[in-house]
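Paired with chain B in one complex and with chain C in the other, chain A is shared by the two complexes that follow.
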Partner chain A sequence: MLKKLRNLDFAGKNAIAGYLFISPFIIGFLVFMVAPILESIRMSLSEVNLNLTESKYAMVFNNFTNYNKVFRVDPVFNRLLTDELIKMVYTVPAIIVFSFFVALILNQKFKLRGFVRSVFFLPVILSAGVMLGLEVDNSLLQDMQQLIAESNAATSRITGVIERLLLTGGFFDSFLYYIIEIVNGIYNIALTSGLQIIIFLSGLQTISPSMYEASKIEGATAWESFWKITFPMISSLILVNMVYSVIDYFVRSDNQVMQRITDTIGKGDYGFSSAMAWSYFIIVIAVVGVLAAIISRRVYYYE
Partner chain B sequence: MKIGLQQTRSIGGNILVYLILILFGAFFAWPLIFAINNAFKPLNEIFLFPPKLWVQQPTLDNFQDLFVMMGKSRITFSRYIFNTVFITAAGTFGHIIIASMGAYVISKYKFPGSQLFFKIVIITLMFNGYVTQIPNFLVMNRLGWVDTFASVIIPAFAMPLGFFLLKQFMDTVPMTLIEAAKIDGAKELSIFWRIVMPTIKPAWLTVMVFSVNALWQTRASNFIFSEQLKTLPYALSQIVAGGVQRAGVGAAVTLFIMIVPLVVFISAQSNIIETMASSGIKE
Partner chain C sequence: MNKEVVLVSDAVETNLPDSVKDKKTSLSKKKYKPEKQTFKQLLERNRESGGYLFRKTFGKWAFSIGRGLLLFGFCFLILQPLLNKISISIMAETDLYDGTVNSIPRNFTLDHYRLTAQLMDYKNALFKTFGISLAVAFFQVAACTFVGYGFARFKFPFKKFWFACVMMMILVPPQTILSSLYLHFSFFDVLGIIKLVSGKPINLLNNPTPYLLMSATCMGLKNGLYIYMIRQFFRGVPKDIEEAAYVDGCGKFKTFWRIMLPDARAIITSCFLFSFVWQWTDSLFTSLFMRDMRLLSSSVNSIAGTLRDYFQNTYGRDTVPTPGLSNQMVATGMLMFIVPLILLYLIAQKGFVESISQSGIKM
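Right after this comes the complex of A and B.
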C-alpha cells in the first residue's frame, strides 16, 4: 500500500506542495536578500554616482578598478585585514577552549542550574543590539569616555590606571603588556561565547552515561575518560563551533574591517565599499572552508 | 538529567565549581547589572571616576526626566510605542509562519532545488547587511514601500537566521509522525498547522525571541521619514542625543528599551536552550 503511494505521482504531488509552501519565503528572500546582494556585485565593478534628489544612481562599468583600489591603493585595508586575521587565529581557539570549559562546568550538578544557564545565555539575546549599543553606540558612554579622556588623558581606559602603575619601564614591560591584553580580552571572549557554550552543553548531554560507567568499571580515571570519551564524542561540535565562531568573529560590527566598510559607505563611495565587502566576504568563506577541511578530518563520528 | 559519573565530587571540587560559576557568571551578567544600576544613579554618580558598579543613592529622577521629555514631544509618545509594537508583532508573526512553512518543506519534502536553496540561505548568513543598504532602498522605492511600515515588516519575514534554526529543528521531527497523519487522510496544510507547528513550539519560540529582539530595536531611519511613523528607539535616541546633560536620561532609556526583549527572553528561556541544543547536534 505504502509502496504504491511512493510512485512518481506521489513525488510529483510532494514537489508541488513543497513549492507552494516555500514560495512566500523564496520570493521574500530573492527580493530582499539575493537581489540586493547581486546588485552590490554590479556596484563593486562599477563607478557609482548617487543622485540623492531623485533617489537613483548611475553606474558606469569600470572593470576591476575598485578591487585594484582595495588591495593596491587603499593604505589601510590590507593592514586591517591581516590584523584581524592574526587576532582571529588566537581569539577563536580561546573562545572554543573557554566555552568548552564553561560547558563542562555547567554540565555538573549544582543548585539553580536553570537560572545559571540562562545567565550564560544572556549575551546571545542581548548582543544583537542592546549590548553592543551599550558598549559602542550609546552616546552616554561615548560622552563619558570623552569626559574622562579630557579630564585625564592617561587614564582613558579602566585598566589604564593599573597599566600606568605597573609599566614603570623595565624588564617586565612586554610581559605585563600581554597579560593586560589578555585580561581585557577575556571579557570579550566571554561575551562572544554564549551560543558556543549552549552547543557544547547540548552535546555533553547526549553522551550516554553508560559509556562512563563502562569505562569506570574497566578502571579508567576521570582524566582518561575525559580524553577517551568526552573529547572524541564532542569533536564534531568543535567543528560546528569553530565555523560559527570564525563567521561570528568576522561579521561582528566591532570588527575593524567591518567598521572600515561601514565608514566608506558613510562617505558615499559605494563602488569601492562594495568591492571591499566582496573581497572580505570571499576571504572569510575561504578561511572557513580551509578550517573546516582541516578539522573535519580529525572529527570522530559515533555510529 | 544525565550527569554520568561526575556526580561524585569532593567538597573541594564543589567549592571550585561554584567559584568558577560565580566568576564567569559575573562576566556574563555584568553589562546587564551595570545598565540597571546606571539607570537609578543620580547624575553626579554616573560621572564618578573610577565608575562604581552599584548605585549609592538610588533615585527615580532619570525616569521622571524621561517621562517629562516624552510628554514634551511634538507627536504623542503613545504613537511611537504603537508603531514599534505593531512592527514587532506583525514582523515576528509573519516571519514565524512563512519561515516555518519554508523550513518544513525543505526538511521533509525532497523536491528539486531544495538543497541548493538551503545552501544559498546558509551562505547569505555570512554576508554583511551594510553593503546592501543602497540596493535595498532602490527595491523599496520600486515597490513603492518607502515611508510605509511594509518596508520594515515584509523584509523581516525573510530573515535567513530564523529559517536556518527552524529547518535544523524540523529535522528532528520524525517523518513517521507526518506519514501517519497522511495515511489518516490529513491535508498538507492541516498537517503543518496541527502536527508540525505544535511539535516545534520551542523552535518558533526561539525564533520569536530573536525576531522580537531585532525588530524592537529597529530605528527604521533608512526607509521611514514621516515623524508619525517613526519607531520608539528612534524617538528615544533623539531624546538622548541632547548631550552630556542627558546622560541620566540615556541610562534610563537603555534600560527602558532592554525591558521588552528581556521579558520575552525570560518567559521563553527554558525552551530556547532546548532549541539551541537540537540545532547544534543535528548537523
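Right after this comes the complex of A and C.
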C-alpha cells in the first residue's frame, strides 16, 4: 500500500494532499451537516415524540402534515414571510447603495480618515449576535419615547412632517411610504452594512489609478469616469454584497420568521419547526438564485 | 489645482544645476503661492481663467464641507446609541426622570456598574468567555486555513462538488439544522458504541466539547465565509513561490507551513478577529450548547430577568425594579459586554482593512 502511494504520479500525490488538507471540512460536513440535515428533513416529515425518561425520541412519519400546517393552518407564517420579503426588496438595495456610497467617500483622502473608518466598521461588532436581540428587546424606553412622539402627532419628527406634506393620497404614495421607511430606518441600514463597506472599500483600492489618469487625460469628467471605470470594476463586488446582504437579512436573528422558528423549537414542536425552517430555506435559496442570475449577467469582469 | 503645478515644477527642479535651481525656486514661489497674492491679483487671475479658478476652488470647498457634514452625521448616527448608553449608565436613576438633565448626569454614580458586575458574575464570566472565544476562534481559523489552502492550491477529483458544499454551508442558516443538532447532541452516540458501554447515549449539551468539535471541523458560525476568504487570498499568491519550494525539495505540508502561512498572516488575523468577535457575541450556539455555563453573552441577554430575581430576593416577593432602572442595567451590561471587544478592535483595526483588501474578494 505504502509502496503504491510512493509510486504515484504528481497529479495523484496532489489529489491526496488536497484531500488531506480539506479533510477537516469533509469530516465536519458529513458528521455535523449532512446527518443533521437528513435528520431534520425526516423530522419535518414526521411527528416527533420526545421521551425524556428513556432519553430517546421517536418519529412517526406523517406525510406532509407539517408542511400543510406551515402554509395552510398556521395563521402567522405566511404573513411574516411576505412581510419580510417585501421589506427585503427595499432594504437590500438601500444597504448596497449606502455601503457603496460610504466606501466611495472613505476611499478619498481627508483628515481623521482612520477614525471615521473605524467608526463605520464598528457595526460589525455592534450588530452581531446577541447585541441585536438586546437592541430590539431594550424597547421599554423606546416605547415611552414613541408614546411621547405620537402624542404630539406627526410634528415631532422631520420625516413625520414631510410624510404629512407629501402623502396626499395619490398614486405615488406607496413608493413614498417605502422611501420614508428607508430614511427612518437609516440607523439599521448603517448598522447592517459594516462588512459590505469593507468589501467595497477593498474593491475600490484594487482599481489601478492609471485608469483614472488615462481617462482624465482623455478629458473625462469625474462623473463619467465613475460610471465608466469605477462602476464596472466594482460590479462583481455588487453581486457578492447583494448575495451576502440578502442571506444576512434572511438569517439575522431579528428577522421575524427566524424568531418564529426559534420560538417553535423552544416549545419543543420539532417537526413543525423543521418544516418551517425548510420551507423558509428553500424560498431564500430561490430568491438568492434569481437575484444572482439577474445580476451576474450584468457583471463586468476585468481580466 | 495649483498644488499640481508646483509638484511638476519641483520634479523638474531636481534635475537642474544649483545656480539655476535657486533662481527657479524663488521664481516659482512667487508665481505659484496663492496666499502671497493680494486679493486684487487673485481676482485678476480669476478673470483670466474665465471664472474657472473661483468655481473650482469654491466647488472643492463646498464638496469637502458637505462631505464633512455627512460623515459627521453618519458617525454620530452610529455612535449615538453608544454614547447614550454611557450617559445612562453613569447617572443616578433620579436623573432619568429629571426633565432638566439631558445627557450629562447631575448625580454621577458607578453603582450600576457594581450591581451589573455582581449580577453577571462579571470577572468569572469574562474569563470563561474569553477562554472559550479564544479556543473556538483558534480551532475555526486553523481548520479553515487548511481547507482554504487545499481548495486554492490542489487539484483533486470532486473539488467542485466539495466547494459547492462550502457554498451551501454559507447559505444554510444554522437555525435550519438547529433542532436536529440539539437532539443529535442530547442523545449523542457514535454507531451505538457508547450505548453498549454505558447503557445509554451521553448528553453532550451544557458542555463546550461539541462546539469545539464543530469548530475544529469548520462547522462553526460563518465558517464557510472564512474558508472562502482564505481561499481567495491563497489563489492570489503567485504559484512560482511554491514551485520554487517544491524544486528545492520542500514537501507539501512544509511548503504550506514555512512558505505560504507566513504570507497569509494578515488575512488569518482578520479571520481570527471575526471569529473571536462573532463567538463572543453569539447567542445561538451558546444558548444551545453552553446554556448553564453563564457566558457573558447569555448573562447579558438575561440581565433584566436576573435583576428582577435579585430584587425579589432582597426586598421581598412583590418588589419589581422600575423600568428605568432595568433599562439602565441593560445599558450598563451591554457596555461591559462590548468594552473588551472595542479595545481589541481598536488595537487590531489598523491592519484590518488592509488585510481584507489584500484578499481581493471576488467571485
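As a working rule, the second predicted complex is superposed on the first by the 233 of 303 C-alpha atoms of A that agree within 3 Å, B and C clash if a C-alpha of one lies under 4 Å from a C-alpha of the other, contacts with A are read in each partner's own complex, and residues count from 1 in each chain.
In this text, a residue touches a chain if its C-beta (ideal position, glycine included) is under 8 Å from a C-beta of that chain, and two chains touch if they have at least 3 such contacts.
What you see is a predicted model, and the numbers here were worked out from it, not measured in a lab.
In the superposition on chain A, A:29 makes contact with both chain B and chain C. Shared-chain residue A:73: touches no atom of chain B or chain C.
Within the superposed three-chain model, A:222 lies in touch with chain B and out of touch with chain C [touch as defined at top].
Looking at the shared chain after the overlay, A:21 reaches both chain B and chain C. When the shared chain is aligned, chain B and chain C each come close enough to touch A:37. In the superposition on chain A, contact of A:202 is made with both chain B and chain C.
When the shared chain is aligned, no partner comes close enough to touch A:286: not chain B, not chain C.
Shared interface residues of chain A (contacting chain B in one complex, chain C in the other): 14-15, 17-19, 21-22, 24-26, 28-29, 31-33, 35-37, 39-40, 43, 55-57, 102, 105, 108, 110, 114, 116-123, 125-126, 128-131, 133-135, 138, 140, 144, 186-187, 190-191, 198-199, 201-203, 205-206, 236-237, 240, 247, 250-251, 258, 261-262, 265, 270, 273-274, 277-278, 281, 284-285, 288.
Contacts from chain A toward chain B in the complex involve residues 14-15, 17-19, 21-22, 24-26, 28-29, 31-37, 39-40, 43, 50, 55-57, 102, 105-110, 114, 116-123, 125-126, 128-131, 133-135, 138-140, 143-144, 147-148, 151-152, 155, 158, 161, 186-187, 190-191, 194-195, 198-199, 201-203, 205-209, 211-213, 216, 222, 225, 236-237, 240, 247, 250-251, 258, 261-262, 265, 270, 273-274, 277-278, 281, 284-285, 288. Partner chain A is touched in their complex by these residues of chain C: 64, 67-68, 70-71, 74-75, 77-79, 81-82, 143, 146-147, 149-151, 153-157, 159, 162, 165-166, 169-184, 186-187, 200-201, 203, 213-214, 216-219, 227, 252-253, 256, 274, 277-278, 280-284, 297-298, 300-301, 304, 323-324, 326-327, 330-331, 334, 337-338, 341-342, 345-346, 349-350, 352-353, 356-357, 359-363. Interface residues of chain B, counted against chain A in their complex, comprise 1-7, 9, 14, 17-18, 20-21, 24-25, 27-29, 31-32, 34-35, 46-47, 49-51, 98-99, 101-102, 104-106, 109-112, 114, 117, 120-121, 123-128, 130-139, 141, 154-155, 157-158, 160, 163, 188, 192, 209-210, 213-214, 217, 240-241, 243-244, 246-247, 250-251, 254, 257-258, 261-262, 265-266, 269-270, 272-273, 276-278, 280-281, 283. By the touch criterion stated above, chain A contacts chain C in their complex at residues 11, 13-22, 24-29, 31-33, 35-37, 39-40, 43, 55-57, 102, 105, 108, 110, 114, 116-126, 128-131, 133-135, 137-138, 140-141, 144, 186-187, 190-191, 198-199, 201-203, 205-206, 236-237, 239-240, 247, 250-251, 253, 258, 261-262, 265, 270, 273-274, 277-278, 280-281, 284-285, 288.
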